[in-house]
Structure formats: C-alpha cells, structure tokens
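Notes follow once the structure below has been shown.
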Amino acid sequence: MNKRILLTLFVGLAGLTNLSAQKTAKLPVNKTAVLSSVDEHTSELIDLSDKIWEAAEIALKENVSAKALADYAEAQGFTVERGVAEMPTAFIASYGSGKPIIGIMGEYDALPGLSQKAVPEKSPLIDGAGGHGCGHNLFGPGSLGAAVAIKELIEQGKLKGTVRFYGTPAEEAIGGKIYMARAGLFDDLDACFDWHPDAENKASTQSSQAMIEVTVEFFGQAAHAAADPWNGRSALDGVEAFVNGLNMFREHMKPSVRIHYIIEKGGEAPNIVPDYARVGLYVRDATRKGMMEVYERVQQIGEGAALVAGVTNKMTITSGYHEQLPNIAGANVLYKNMQLVGPISYTPEELEFAKGIQRSVKMEEKGLDGSIGGIDPTAEFPTGGSTDVADISWITPEISLVATTAPIGTPWHSWAVVACGGMSIGHKGMAFAAKSLALTMVDLFENESIRKAMRDEFLEKRGDYVYKAILPDGPPPVK
Amino acid sequence: MNKRILLTLFVGLAGLTNLSAQKTAKLPVNKTAVLSSVDEHTSELIDLSDKIWEAAEIALKENVSAKALADYAEAQGFTVERGVAEMPTAFIASYGSGKPIIGIMGEYDALPGLSQKAVPEKSPLIDGAGGHGCGHNLFGPGSLGAAVAIKELIEQGKLKGTVRFYGTPAEEAIGGKIYMARAGLFDDLDACFDWHPDAENKASTQSSQAMIEVTVEFFGQAAHAAADPWNGRSALDGVEAFVNGLNMFREHMKPSVRIHYIIEKGGEAPNIVPDYARVGLYVRDATRKGMMEVYERVQQIGEGAALVAGVTNKMTITSGYHEQLPNIAGANVLYKNMQLVGPISYTPEELEFAKGIQRSVKMEEKGLDGSIGGIDPTAEFPTGGSTDVADISWITPEISLVATTAPIGTPWHSWAVVACGGMSIGHKGMAFAAKSLALTMVDLFENESIRKAMRDEFLEKRGDYVYKAILPDGPPPVK
Amino acid sequence: MNKRILLTLFVGLAGLTNLSAQKTAKLPVNKTAVLSSVDEHTSELIDLSDKIWEAAEIALKENVSAKALADYAEAQGFTVERGVAEMPTAFIASYGSGKPIIGIMGEYDALPGLSQKAVPEKSPLIDGAGGHGCGHNLFGPGSLGAAVAIKELIEQGKLKGTVRFYGTPAEEAIGGKIYMARAGLFDDLDACFDWHPDAENKASTQSSQAMIEVTVEFFGQAAHAAADPWNGRSALDGVEAFVNGLNMFREHMKPSVRIHYIIEKGGEAPNIVPDYARVGLYVRDATRKGMMEVYERVQQIGEGAALVAGVTNKMTITSGYHEQLPNIAGANVLYKNMQLVGPISYTPEELEFAKGIQRSVKMEEKGLDGSIGGIDPTAEFPTGGSTDVADISWITPEISLVATTAPIGTPWHSWAVVACGGMSIGHKGMAFAAKSLALTMVDLFENESIRKAMRDEFLEKRGDYVYKAILPDGPPPVK
Amino acid sequence: MNKRILLTLFVGLAGLTNLSAQKTAKLPVNKTAVLSSVDEHTSELIDLSDKIWEAAEIALKENVSAKALADYAEAQGFTVERGVAEMPTAFIASYGSGKPIIGIMGEYDALPGLSQKAVPEKSPLIDGAGGHGCGHNLFGPGSLGAAVAIKELIEQGKLKGTVRFYGTPAEEAIGGKIYMARAGLFDDLDACFDWHPDAENKASTQSSQAMIEVTVEFFGQAAHAAADPWNGRSALDGVEAFVNGLNMFREHMKPSVRIHYIIEKGGEAPNIVPDYARVGLYVRDATRKGMMEVYERVQQIGEGAALVAGVTNKMTITSGYHEQLPNIAGANVLYKNMQLVGPISYTPEELEFAKGIQRSVKMEEKGLDGSIGGIDPTAEFPTGGSTDVADISWITPEISLVATTAPIGTPWHSWAVVACGGMSIGHKGMAFAAKSLALTMVDLFENESIRKAMRDEFLEKRGDYVYKAILPDGPPPVK
C-alpha cells in the first residue's frame, strides 16, 4: 500500500471480547470449516509471516519471501506457477477447476531502511536494512491462509470451482499487480479479494486516486560555472522552471488533483553548469480522465520550461494506477462476515505494547482498535492515495478489507508498523483477516446471486471501458 | 539622457580661474568671433533656458519649449522646418548652403514628477509637475548658441557651408532622434555635435550600450479566482514564469549584458484570474549583435513561459538604440578647444549652493568640478547606459561633450539636477558648452583634414553596415 | 455580490404559469395586502430601478442612486437617516416603532467599464462608463418595495413593530455593510433579509467563504538598472519571491482555501530598479479560523520574501468578510412563500431576448429559469466566493433569496447581466423578490415562534462569538 | 586545479626547435647543472608520472601516489615527513638547512570517472575508474624533479639554504594546501613555486577568484504528499525559494561575482513531502571582501527562503579559497628562465596525436603550442576560477608556471587531458616545467635582491592582512 492512505479513525475501543465462539455454533458447516482451518494453520501462517518479516526483502528482491509462500502453497496441494508476468517473485497458486474462479492477492515486499525489532521503541534489527513498514509480511500469509481454507472445502467436494492465490510482488515500487494485470492473469476471475494491515477493521467502500509516476528529464550543455557560464545551458534551470510552473498551476487545478515531486538529480558539482537534471513526479486525480487532462498541462509545462531554460525535456510515464472501483455489494457481504468473526481482543501486554508505541511516536495512548468498523458511504472524492489493487478492480469485482495490525494513530511506513508486525498484535490481525476473507469467499462460492450482484455493480461502474494497464512497453524493470 | 550613465569622476578642483581672457588674445579671428558671439547672446540663451526650465514639458509635449527655440532660431535668421519626422515638436533650423554641412543637436524634454525650485533642498515648484532632471533646458539653448555663432560667421562670409540645428524631442521617452534618423534627416551631414549636462567637463571617447525596449504581453483566460480558478489561465502566471526565466538566464549572460524589467500590468482585481499582463523590458549589450543574440533567448523564454502558464505571448520591440561609435579624432579636437575656453570658475555662493545640494542628498561636500577632464582610452565595454545620440554616430561622425552643470556626485534624474539647471551653475555650464562646441565647429568648417580624419575613423568603425533604425513600422507614437 | 459565485443550475423550465392569482384567493389578508402593495408600486419600483441602471454609479459614488431610493422612502412616509456609518451614500429608512424590528437590505452600486444598452448583444450605452453587471439596480428597489408593503400594514395597524430598509453602498468595493455593521446599525434587529439577482429562484441555505483583502507592499532601493544595479534592491524581487512563495504554499493548503492576487504596482520604468511594488491579495477559507491560520503563513512568506530580496515588507488588511451563517429555519419559511408567489413566466419576446444573450455569450440557448428551486442541504464547504451580507448573518438571523433576473448560464459581472437588468426580465425578478420577501416578513412579524426558531438556530451556530468587523481602524475610504 | 580556468590562447605554433642546447653553452654553472640534473632524472620522473597516472587515485585516497613520490624523495636523500596536517597523503620532503628556504609544491590527485588510455579517442582504461584529467600525475614528479636538481647543488655546496618539496593532496576536492597552510607549514618560506599542466607555456601574472564552498541545508516536516500535504513543510520548497532568490540576486551582483549551485538532495520519494533538502553552493568574487559581502546577502536569502517555505535553514562553509596575489617580480625571473629552456618541440607523431584529440573533441586541429608565451599585465578582474595555490600566495611570494601538456583548445577535466598525460606530450611538458622551475630556483637561492624584490611586492600587495585559512574547525574530512 505504498500510496494509499489509511483513514485511521480514532474509534473508542468497544467490546474486546471475541464473540466468535458463541456465534460459530450457529454457523453453516462450510463457514465453521474455514474458521477451523484458519485456526489449525495459524501457527504455520505465523511462521511464514515471521520468516518474511525477518527477510524484509524490498520490491522485486522478495526471493526468500515469495519462495516461502509458493512452497507452502505447493505443500498444501496447490499448483504453483512461478515467475509469472516476467517477474521472478510473482506467482500464482491454484486449486480446483472450473467456475467460479475466485482470486485472492497477497503482498510480501518490505520497505528500505526500516529495519526494526519487535519492541515498542525504535531499535533496528540490522542497521540500514529493510523492514515491513507496511505489514506485507502479514498480508501474504493472511491471504494464503484464507485460500488454503477454501482449497480444503474444494478438496472435500464441499465447494465447486477454483481458488487462486496471487503472489503479487513489488507493491511498494512498480506496482507488480499492474504488470500481472497487463499479462491477463486476472481476466477469468469471477471476483477477487485483498486485505491490508491497518489500525482498524473495515470493509472498504472507498475509491482511491488514479495516479501516474513520471520521470521528467532535462538535458542541457555543461560549462565551467565560473569561467564561461554563458556557454552553458543549465538542465537544472529547466527543473526550476518546471517545478515553479507546477506550483503556479496548482491554483488552476481542481481540489481533487494532487501533484508532487522530488528533484532526483540536480547537478554533478557546483562548478559545472548541470547538463542533466531529473524530477520524479506523481500526478493524481479522482479519475484517470481528470488525471490525464492534468498531465497534458504538465507536459506543456515541461515543454515550456525547456524553452525557458534553453534546454530539452523528456517525460516518461513509468507506471500508472487506476482509481479503485469500490464494490458495495461485496463490501456488505464482507461486513457481515467480519461481524461473525467478531472484534479482536487484546491482552494487557499487547495493550501496553501498543501504548509504548504510541508514547514513542508521541501519539495519544489510545491503545488498539479491535472493533468492527461500519460501512461508510463512498465519498465523492477519495482521500489522497493510490494502490495497484485498484487496477484489478477494473478487471473483476474486488473486495477489500483492512484489519487492525497496529495501534490507533500509528504513522504508516514507519518502524512502529514493523514492530507490531513481528509480534502477536500483527498476528491477530492476520488471523482476523484470513477468517473474514475465507468466510466471504465461502459466500461467493456458494451464491451465484452474490456474485451476480457484485458483477452487475462492477459492470455498471466500469461501463464499456476495456482495462488497459498504464505501463511503458517492455518487461517490468527487474534488474 | 534617459539611459546614459554619468561617469562622475571625483576629480579634485584644479584651477578655477577662467583663463580664456588671456588665451583668446592669441586666437584666430573666427575663434575669437564665436567666443564673443556666445558672450553676446548669453543672456538670451539664459532666458530661453529658464523659459524651458519653467515649462518643464515632458516628451512629445514640448510645445512651448520647441516653439521658443525655433522662434529664436528664426529670429536669428535661420530657416526653420517644424514638425519634421512626423513629430510636432521636432524641427530643423538651417543657415548657409553647400558643403560642409555640420549639425548640432539640442534636447528640451523634461521628466515627469521632478518639479523643483532653484534652491538646494527638495522643494517642488508645482506639486506633481515635471522638471528638468536631466538638464535638457540647458542642452537645447547651449547647442543653439553655438549654431548661432557659426551662422554669424557664415553670414559674414568667414565660413563656407551650412550649419544645421536639430531640435530633437522626446529623448527621455521614445528616442526622438531615432525617428529623425529613420527619416534620413542626418544623411547629408559631414559631422554632428551634441553635448550633455553633467558633473564634469569632458570630451567623450566612450561608447554606450545598444538597447531595445520591448513590450512583453501575455494573454490568458479570465475566471472567478475563488469559484472556478481551474477554468482560468493566468496571464500573470505567464509573466511570473517569464521574469523567473530571465533571472535564471542571468547566470548565462556575459557580464556586458543588462536586462531589466518592470511589471506594467499584473491583473485587474484579485478575484479575477488575470487574462492580460504586461512586462516592460530593456535588453542591452555592448553591441547590437550581442544584444540580438540575447534577445533571441529572451524570445524563447517568453515562448516557454507562455507554455508553462498555458497562455499566449507577444513581444514587440518599441524602440531600439544603437551602441555609440566614439570618434577619437573629433574628441581630440574638442579637447583642445575646451582648454582654450578654460575651466569653469565658481563664486563662493555657487560653491555653497553646490554643498547645500550635496548635504541634502547625503553626498560628500565636494563642491563643483569646473576643470577640463582629460581624454580617456575607450573602455572595452561601456558602462551601463544608452542614448539616442548613438544612432546618429552610425550615420555621421559624432562629437560628444559633457559639461558641468551640477555638483560632484549629484544623483541624475533627480530634483538636484533641476535645481542647478535653473540658476547660474547650470547657466555657466551651458555657456562653456556653447563656446567649446562653437570653437570646434570652426575647426571642422575650416579644416577638410579634420573632417577627413574623423570620417576615416567613422568609416573604419562603421564598416559596411548601413544604418537602419530599430523601430516598429509606422509613425512615432505621438498621442 | 462582488465575490459571491452563482451556482447557476441548469434546471429545465417547468411550468411557466404564474399561479399566484388563484393562490392569493385563499391567502391571509396581510399576505394578500403585501402582494397587492407590490403590484401597485411596481411601476414606481421599475422607474427607480431604471434610474439607478442609467446612473450606473460605482461604489461610494452612488449619489443619484442612493438619493433616489432615500427620497422615495421618505415620500412613502419612512424616516430616513442619510450618510450613516460615515458613508454619504449609506442610509437607513425606518417605519413604525418597537419590537420586532425587521431589517431588509438593498444595494445599488454598479461596476466600472460595463456600460451596456438593454439589447441582447454587447453594445455600450456610454463607452467606458459603468454598468449594473451585478443587477444592484434591481436589488435596492426590490427590497424597498417589500419594506413599503410592510410599512403600509404597520401604518394600518395590521402589523406591530418596526420595518427598516438599509441602503448599503459599495458592495462591489469595500463591503459597505461591514462598516455599517461595525457602527452597530444592525444590533437591535430581530432578523434581516436580503436578496440577490441571479439566474434561478432559490431560498439560500449555503454558507460563503470568509475572506480578507490584503495590501502587500515591498520597499527597496532604486538604482539605475543598467549602470549600477548592484546598488539597488528591487521591491519587485520581493513581490516575485512572495508570489512564488504563495504558489509553493498552495501544495500545503487545504482544498477549502483560496488565495489569489494581482500585482498592482511592479515598478516605474525598466531602467530603474523598482523601489516600490505592491500586491493585492485575497485570502479565503470556509471559516475565519482557517483563513487566519493561512494568513499567518502568508505573513511569514511576506517576511521571508523581503529577506530574500533584501527589502522590507508591510501587509495591511483593508477589509474582511465573515463566512455566512445560513439560517435553515428562515429559508424554509421563505421557500413556502416563494411557492405562494409561484414561478415567473416569460413572454416569447423575453425568451427570445434570453436566447439572444445566450447566443452572444456562446452558451447553450436554454432560455430562462423562472421555476422555484428546492431547498438544498448546506454543503460541507461553500463554493468559492464571499459577500458582505455574511457579516450581518453573525449579528442577526439572516434570510437570503436569489431571484432570476438573467438567462440560464449568464456569466455574471458581464454586459449580459446589465442588459437584462434594464428590461422586463430584470423587472419581473425584482417583483418576484419583493413579493417573496414581503410575504416572509409578514410571517416574521406575525409569528414569534418563527422568529424564535430562527434565533435559536442563529445562536447555536454563532456560539459565544461576539461579532467584530475585520476592518482597519478609521473611517471608510470615502475619498 | 579544480576550479581554475585555463586561458588557452590559440597562439600559432612558432618555432618548434628546442634551442636549449646552444643556449646552455653560455649558462652559469649552476644553471647548467640543474638542466643536466633534470635530463638525468627524466626517465625516473616519467616512471613516477606513469605510476601515478595508472593509479589515478582521487582526493585523499592518493596512497600509492603519495608513497611513490615520498619514497623517491627519501631515496634521493631528502628528509621526509609524512601525514602532515592530519592528512595521510600529505608530506614534506626537505633538504639542506638554514636560509633561504624555498618551497615547491606538487599535486597528485586524480578525478573520478575519467579513466582513459593514452590514445587520442575516448577509451577508458578501467570503466568507471578515475583519471588524471587535470594532469596532476605530471605536476608532482615535475616539481619534485626541480627540487632534486636543487638538492644536488646544495649537497655539492654550490647553493646554501633549504629546498622543500610539498606533497599537497586533494586539490580537486577540499583544497589540501589550505589545511597545510592552516597548520603553518609554509610560514618560514622565503618563496614558493608551483606549476600546472596546461595548453600553453606561460609565467603567470594573473590573480584567481576568492571562493567559498557552502553547504546549504533545509529542514522541513514530512507528510504524505497525497493524503495530507497540508501537514507537511517541504524542505525542497525552501531550496526552490533559495535558488530562485539567488537568481534574482544576480541582477544586483557586480560582474566580477560568480554564484553557482547544484541541488544535492531534493527529496526521498515523490509521495513524501521532503523533510530534508540540500544545495551545494560556490560563491566567488575577485576579492575575499567582495565575496563575503555577497555571502552576507546569500545568508539572508537562505534565511528568507526558510521563512517562505516555513522550514529552517543552515549554512556551513566547508572550504574557502583566497584570491591569488600574483608576484610580477617573480614572474619576470621565471619568464627569462623559460626562454633559456626554449620552446617545446614536437614530433610528427605527437602532432598527429594532438590533432586526433582535437578531432575527437571537435576542436580546430591546431596541434600543440610549445612556444613561450609573453608576460601579460594583471587583469582588473581574474577570469572565473579559483585554486588552493592562492592561499600560499598570501603567506609567501609565489611563482606560478603553466606548461603545455595538452593540445590547443583541449577541454580541461576531460579524458583528452588524461590521454596526453600518459604519453610523451605530457612528459615533455613535465620536463619543461622541471627545468624552468629549477633554473628560477637557482636565481632565488643565489640572489638576495630577487628575493627581496619579490618580498617587497608581496608585502605591499598583502598589506597588513594576517593569513587565516577559511575552513571549518576540526581536522580535514579524511575518510
């Protein structure tokens, strides 16, 4: 979830008692079965999660992590295809045959520089190494746990169809799912699931922003900056004119638009007029249409900035994210199943750990929110943020869950998320997710009507648009 | 002298005694005659100067001033053509016939907002009215005084040829001489003279900067700045991108270049996205060639700025000044004649007036410099400044004098210059100029060899360039 | 309505038949009386409107207009106090005594440069003169017509209390109502009314943006821009650094904020380093609190820009507008009375006139919308725009009406509004407004419960804030 | 010579015949002896040069290079002190005792990324490795060769006093000589020598620019750039305001000033508001005084930019270079000795090699300039460029030579310089330098009057200034 923002609502901690025991008594057998399955496999899932947490491999380098998950799936009886979509760490694990085909996605890439022990104050495990600051060590095993539970029912003949686990790498960098989507790997699905670690439990009904990542390069002419600067044309001048132009443009953008940038390369040495400079740029809007209109102006600004500086300009879209199509029909089914699982309860030690985290990051000591958040109406505009899950939502109806794996108010992409992901708070969220998702998958496998309602909504929202990945030609940038 | 800069050297005050009395004893008769002529007409010239000083008419409005000078010339026997070059306040007063034809120029336009009494502290004569902050009230009568002296010799048959006084308006605004030059009014001259009020006496051997005046317009799309700024395209954004581009460009200009601008129009009201904005821009360099190379980049910057802001851009050269071709042969002749006239001496009251001025403007109380400054070698690059006299120097050999009419260190284009121009300090400088110029004109009328030396130098410096005024098509912008 | 934006909804034209005839049959006598009163006075109101339309006097110059209204009120029996709040064209016309005291406001200032005949294509009445591009020629007489109807009932003893017409000048420039509010002139009201010309009929339930107008000045050091620019400090550099800083700041402003500016003064002449430069700036947000937080950063940017340019900076708030407190209780009463009046119907000629306007401004030819628009929920954030009516809404419960006086989609503050305001389309809107407001005033005079509901809502929304006009010390800037 | 600019005059190739053979016949014995000494040691010096050329060690990493030179000096009988001024690769090799004490400096650091074979087209020796793009492989051995020749005369009792070779590292990075100067290592010298590879032979009479290297840091507040950019304060905004301010400031700098910068750090990732950004900045002027006045404004601009962006700013001077005091008395002595050595002659193969270089870099094929350039008057302002040799010129009279080691027009700090430095063109220049310097050193050892003339000039130019290195406190940034 590299660009998605977490709406961490500071909900009071309601009942912490896990009501699942009583409730399951009255559950249909398949639902009872998947809950039991997750319980049975939980220690294995925790082992997988901890292994990935320790490996802490960044995008496209998730060799140990992808192998651990793929091997586990294989050991459970799944058919595994590794290295799909030209990415060595992408894979698909399938079980069953025929329709319906229900997918579920798992991520497992870490973030650079966030290495951290499972303690409530900042303390790197290995200095300078990566860390699971977005909780993806939980994401992969949690989703796989749900898939395994479904696989067992298919194996037992209690469900018909195919369950498919997508090992989706590099969410934090290039949007691995987009390459997998371009390869057509989601095309035959009836529906797809994902979840994400968060500070609350919620069935998502919100969209996300469409986004493109753009590399903006300027090419000038070097010269000695003291001796004959008049013979030089500064590529950095091009960058300055460009970003200044972007900032003026902000007045004339709709409030739903976001543009932000860094200067990745701003010259070699002060005594040389820079002949090369580069900006890293993201452009977002609530819709691809709005975003591309903004991008047209951005390109014009780049062209103009080059003229202003007397240099040349090149813009390259390196990746593009669709806006998410929320599926309310699906979210409602998920919400009911989350209630069946019941809120997550925490031990005094876990609550103390959470408050320790909150003290360390100077947030209010509100502890953890294990409750089940309600269904919100879809906002007119999404909050600022994007995700490659959104691309899948244009191919098949998508159900998204967030589950609590960190204390209220935790800054995301931080050591604090790493710490919780390596101990029981994270593990509990993972189990909650696995159960909620597995229950909902049971509903989808069993009920054509649910699938149809979801598809009808999907078709209406998608319209006659045919999904096309926003990617440069050629394979993914695997080194 | 709206853009020329005065090299006010802080020369010590050498002998203040006017040695002309003794020296004239040994002078050739024609030289003695012109000195006497100026002395005889001095009170009339002072009356003319004071009339123009009081009228203080700004560029192209010099009706009283031009009429006073033209009427006086006519009364002296000159043939006067008024309203030349499509400017009502431009005129030519001629006397004599045949070759050589020697010209001398006089200016008489004032500056807005500089009204001042002839007192050594700031005190407007008429609030908000104009004032002769560049001393042009002295310039016109001084030059005419020299022309009258020559006319008398022609009339008496002691000199042969034609003397021509050019009444050149609007130096401070549009460069009236450039329009007169475009009209071919200087084409048949053998040489031309000018002088300018200053804080020292010197035969000029320096160049001036080539310069163009440019109007830079941006055209956008208005919109309500609070309600739907996204429907607007700000012309002011274009201006901001443009001037920002100019400022970045400064690093890549040679040290001889000058670019400066104001924002003449920056929007109508804050709640309207500006659909029109305008910059007033000057571009200068030591040569027209360098200047035009710079201007090419400036045009590119304008084009780029328009793209950056999503607006359109238009640049118009409204006036252009050549760089001055100094004529060293001529300057040397002038220098000798200045020595014949001798330094200007001042009374204790005048020196006290000068120090009063210096106290008021917080300069050192150095008094006045009436000495004759020496001949300087031509500098590689001129100091920053331009003049429409320079255009004439590409058509005919030009001799330029500066004469002391204000205290050492006086800030030009200020009330202090106005004050001195309305009393004896200014009058003395005017008489010094009239005498120095008349003496030098005698030399030129009498000596073909001097004219030839000047022309040879002129031709060599000019090369095969054929003068072309840098002006927009059409008549001068007289209301 | 100089900064308010019109949400011109393109509602289809429903029934054009004016149902008021039938409906009035069943109306209470006081309501019937006010409708009759407006009908009786309509031709006088149209005369007043046309007189103000022709005078087209801009802010603080509304001498003819204010006098016409005040004289008419006096002639009708009102007690008139002229020149209130130190503005010669502000006045209050009162009738009756004691409680309740109900106010109604009328504007009458025109906009510069919008002179236009009452024809459907752009054609100035007097070149360069003002025009009623915001329809204030209708606003004043319309409100006064309602006040007269109420006055007649008080006179007849059918209503008890005081009716007060506020002649509020200079809405387009300084916010005349704010000065009147500061003077305490609205303090004893039980409620106040206003209406505004528009392209639809609606009881307003929306807020408006809080706004301050700020003059931002920079002071530098002049120098000759070619000769010694290193001795100058450019005030315009300060402006450039400032506006560049504002544009960078836009990334870090909430979407509800608006900042916009013009450069009012950007130097005297290109060859002088500018020693003075000035920006005209508006800062707005949904609330005064948010706005003032933004203004703190803006002040910091000004301070920083001055340091960047080596100059000094001064910021002055010249006027401030509160955000509007909508009064839903009041709007609901108004809405019912608008339905009693019924939609405005148009003749084929009026519809053709409207379409002519639409052709001229290149809008869709949708004609006129005379229907009664429904009650909208108050939006989270107001659309961009501000009004001095909002200040009154913090002093007393305020009811705001908009009434159709121009075709669907008419660009406001344009010649098109002027054209319609000078003929029957405008007159019909004025009569509709006068009737709707008079009917609602009857309800307020008669029903303590309505007044109480409005006041309760007002008090809750206002909280314990004590209104304080955001104005510089001293009298209004009446020349 | 990392920032010095080479005035590569395109002098025609005069006589290529080396006249030294005939001339030495008439030379004093000591001069004959040093010429012979250099000839005898030439092959060793070439070996040293080639070894350093191959090692190509960048600043402060010159372990092999420094050791080779120091070992050679030791082997020749010098007393060597290694690791002086806290830099492991700085050393001093001394011979003799008592006064006079004459120093000579040698550099030996390479430039990163310029690896190149000794061939006339671009072809790296080792991809990505360093290369002697400034010819320092020749500089060190050439100077040491001169010192050895002097040492032999002292050893033989033919000269009295002390000769001292300074191994000065890190010229291209931190200005190693400045640290050595701060340590007082040059304080007891009577005079000092240096030379530098170039494209012409010349006794230098020019100054160089004073310069400071400044690190400019901005510190902001990170935030998610799409989700809550209003909670962030962008350090990059600070950088943008700062460099924009610098560019506006250019209009107000004297033509002798140079300011140039790169953006070293401009954010981490586009979706994070940058909380840290950094500029690398050089400020130069003809004098330290002018430079520090400019730096005061630069600091003010940094402070202002921080306010504009709402962030904080820190500036650190990391190194400072004095302007060079040319010693004309010394240059004249050097010039005479260069004439004794005579022009450098080249073989047809060397000329072809040179033209091959010129073809490769698209310069005119003018070959090599081995002639002896004349003595130029000291220019009012130095061309743009700085050197750490200049610091020594404020401690003791300094004689600077440039000698041809590369073709006419060679771009410095390029592969082309590397190529020539690894073959006979470079070697010939080195020998020329060694001889010219050794001859001049003989003059200084022998003539108190020369030393006195040089010292008198030095003292007059230095005035009462006491040298103070412009450096941060603490040791040099080794490792």
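Letters are used for the chains, namely A, B, C and D, taken in the order the chains are written, and counting of residues starts over at 1 for each.
By our rule, a residue touches a chain if its C-beta (ideal position, glycine included) is under 8 Å from a C-beta of that chain, and two chains touch if they have at least 3 such contacts.
Computed from a prediction, not measured in an experiment: that's the story for all the values here.
Here the chain-to-chain distance from subunit A to subunit C, counted in touching steps, is 1. Among the remaining chains, B is positioned farthest from subunit A, on the basis of C-alpha centroids.
The interface holding more C-beta pairs in contact, when C-D is weighed against B-D, is C-D. Inter-chain spacing, taken between the CA centroids of subunit B and subunit C, is 54 Å.
Our note on geometry: subunit C versus subunit D, Cα centroid distance of 72 Å, whole angstroms.
One inter-chain figure worth recording: subunit B and subunit D are separated by 49 Å, centre to centre, where each centre is the mean of the chain's CA atoms.
Annotation for subunit A: residues 225, 229, 240, 244, 247-248, 251, 260, 273 touch two or more other chains. Put simply, subunit A touches subunit D in their complex at residues 2-3, 5, 209, 211, 213, 224-229, 236, 239-240, 243-244, 247, 258, 260-264, 266-271, 273-274, 277, 280-282, 284, 383-386. Taken in their complex, subunit C has these residues touching subunit A: 244, 247-248, 250-251, 255-256, 259-260.
Contact residues on subunit A toward subunit B in their complex (touch as defined above): 225, 229-230, 232-234, 237, 240-242, 244-245, 248-249, 251-254, 273, 297, 300-301, 303-310.
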